[in-house]
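One chain, subunit A, links the two complexes that follow: it is found with subunit B in the first and with subunit C in the second.
On to the complex of A and B.
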């Protein structure tokens, strides 16, 4: 479980709080999407979970953040890393090896995974992400999207109880993005892995996560089950957020008095909505 | 503007990334290059900028083979935004970064200052800010600013909207669209199909190092077969129009879709 109580943080280099008065509980097995504009505090929120804040970025830390029973201020990042796997925004900064296989081994060996298990975990993770054919490739020869998949594979091989991902599909094409989210969903459902993911592609995100947290200027603006949050598409639009086109279509149909049902999540539901209007 | 003639390229001999590719980017267009990860899009962008040389074939900029052009001439005529902005930012302030971009392309100090001010205002940047203390989205704007501050004839953007929120994405694309109106040709590698639909006039579709289709944006998105081959999904409203079939052909915007639904719903009621 992740428990943030009246948590505020200001970077030493910052002029104002990056996050302010955050009260947030993420239960074991939850799947939460974090959305918001640039500078809203999304990345800082992920840093607070994996302990990068306050251990690698100093600053003023108020309130408390407890992850899997560990107070993040008192626990060392390496202790937190045993529970929390992180996929960072800049994958190049995350890579330590020159070959895909070595990149995967780095985490597994450092976590003290028995040698007898390493091969199985490594090949399974590569398989799950769909990059088994890249195993012996040099990282430098990979595209941005392929590197992003390697970063995800390296983390899931460690099977942490919580996975935090900061825009894991930023450089991925639509099919690969879908694949990553299908994988996250599978981990969430099969192993009960708690997943917290920052994502700009809201249309995609809504089809997979259970809950959404909308941050704006360091504060939680909206929080709740996906449909509840989407009901407030106007609030999202008012701060310049992207609203999926099918949600905009829903709003348009409601305004024209043609429909009064809930907003659709994804194309299938949009088709059902359209058919209902036409029926 | 730029023409690829039977171009092939591989970083190592055994791995070929671009395979016998030929196409032409029209002057004044905004051309999007789309395709799955690893299809060769970024490599093609690098070849176009002269950052890599074809193993076979040739690339012509206004009829001149890129191979025969000086690096300074290429830099003056072609602006380039890398996929990762951190790969191209190298100075301590935003202003220094922009001055560095203009060092070999614009000599007149007044013109230099005017160009810098224009781009600072358009992209909402603080000249004194230290680039590496900025957020990813802001760094992306700094990198974009330095790629286009000298007003190149051709601007190549490798995933210009990655890491940006919607507001920043719209801001950047509106600015680029404005420059395009003034005559700048734009080629962008992009994964966001909504952005491709909203801003590009032409699309080049790549799969496994080949160009498998080329044409007007809407026409390409209507072609389900091409999209399937390229492992791409159409923008949401086009996808919905295809699912709805008859009476919804050719629809690509929310307003068009709502109009079609309303027309059909009322037509049905009258019967």
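On to the complex of A and C.
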């Protein structure tokens, strides 16, 4: 569980708070999408969960952040890392090895996983992500999507209870993006892994996550189940955010009095909505 | 740099050698080459070097490396041939006597250069850097930080070079002439290339540092490595061959 209470943070180099008065509870097994314009504090929020803030980037820290019962200020980053797995924005930079297998081994070795257990964990993680065939490949020879999967697999092998991802599909094509989210959903459903993901592609995000958090200028503007948040498309548009096109269509239909159901998520529901309107 | 530090995957007997053997054997060859002045021994070592390439399945790379080494060796040969003045004159170039001793010194010098460089370069192509690092940390107790710094530096070469390519293309698209023939202009263009490259690199390194820390870098110790280097019979044989060669080198 992640519990943020009246949490504010200002980078030592910053002029104003990157995050302000954040009250947020993320329950075990939740799947949360974080959205917002650039500079809204999305990345800082992920840093607050994995302990980069305040351990790597210092600054003024107010309030409290408790992750799996550990206060992030009092716990060491590597202690937190046993519970929280992190996937960063820059895929290339976070890799340590030149071969996929060694990349997978790095975390397992460091956290002192018994050597008798390593093989099982390693092959299982590769299996889950569906890249068992890449095990002996060189990282340089992989595509962006494959690298991203390796990054996720390396984290899964550590079996964290929470995974935090910062724009995992930033440089991926639509098909690979879809695959990454399908993978996250599978992890969430089968193992009850709590997943917090920052993502620009709202349409994609809405089809997979359970809850959305909309950040704007360091504050939480909207927060709740996906459908609840999408109901307030006006708020999102007012700060210049795009809303999924099916949501815009829904809003338009509601405004003209043609439809009064909830906002659709994904094409299937949009199709049903349009058919109902046309009928 | 490409080709020199590259790992060539495979599963030959040389690939499976203990990384420590792969470092020690070239060093032994090095000792042999400095111990002897015998041209036949040096030629024999050259054949051995090429055999390393053959057994390791990288004969083509070995030949390519040999070809580029030959150019440097030829330069060294000519230089020494002209400089060494002792011995009997064999023939004259532009009135300058070329002596028999000069030719011999030049030949052994050139051979030595090739003999010493080839095995190390070839063995490195047959070794995964991470295996080498792990072996050095767990067996020779070199601090992991240093081993990690070296392997990371090598790993980041392609990442940075692709970054540089992107920056160059972006600047070319805005009219910067990277293809200019004027040497001084070319040098001048490097500064506006370096600044963005440096900034993006520092950013990358920062992410790398955070990512590594969150994956337990600080918890690692010398026993962490899963793959343990094993010193086996082929390693023993290889090192014995090395010892034999050293003896031979001192005797002949």
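By our rule, the second predicted complex is superposed on the first by the 279 of 279 C-alpha atoms of A that agree within 3 Å, B and C clash if a C-alpha of one lies under 4 Å from a C-alpha of the other, contacts with A are read in each partner's own complex, and residues count from 1 in each chain.
Throughout what follows, contacts are C-beta pairs under 8 Å (C-beta built on N, C-alpha and C of every residue); 3 or more make two chains touch, one makes a residue touch a chain.
Since the model is a prediction, treat every value here as computed from it, not as a measurement.
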Superposition on subunit A - do subunit B and subunit C clash or fit: clash
Which superposed partner A:173 touches (first subunit B, second subunit C, both, neither): first
First (subunit B), second (subunit C), both or neither touched by A:223: neither
Partner chain in contact with A:269 - subunit B first, subunit C second, else both or neither: neither
Contacts of A:124 with subunit B and subunit C, given as first, second, both or neither: neither
First, second, both or neither for A:96, with subunit B first and subunit C second: second
Set of subunit A residues, in rising order, touched by both subunit B and subunit C: 89-90, 92
Of subunit C, residues touching subunit A in the complex: 7, 9, 128-130, 148, 151-152, 154-155, 158-159, 203-205, 207-220, 224-227
Touch list for subunit A against partner subunit B, complex: 13, 36-39, 89-90, 92, 141-146, 149, 167, 170-178, 200-201, 203, 240-242, 244-246, 248-249, 252-253, 256, 258, 267, 270-271, 274, 277-278
Touching residues on subunit A, where the partner in the complex is subunit C: 50-52, 56, 77-78, 80-81, 84, 86, 88-90, 92-99, 102, 105-112, 115, 118, 136, 138, 140, 154, 158
Of all residues in subunit B, those that touch subunit A in their complex: 11-12, 15, 35-38, 42, 83-84, 86, 133, 135-138, 159, 162-169, 191-194, 231-233, 235-237, 239-240, 243-244, 254-255, 257-258, 261-262, 264-265, 268
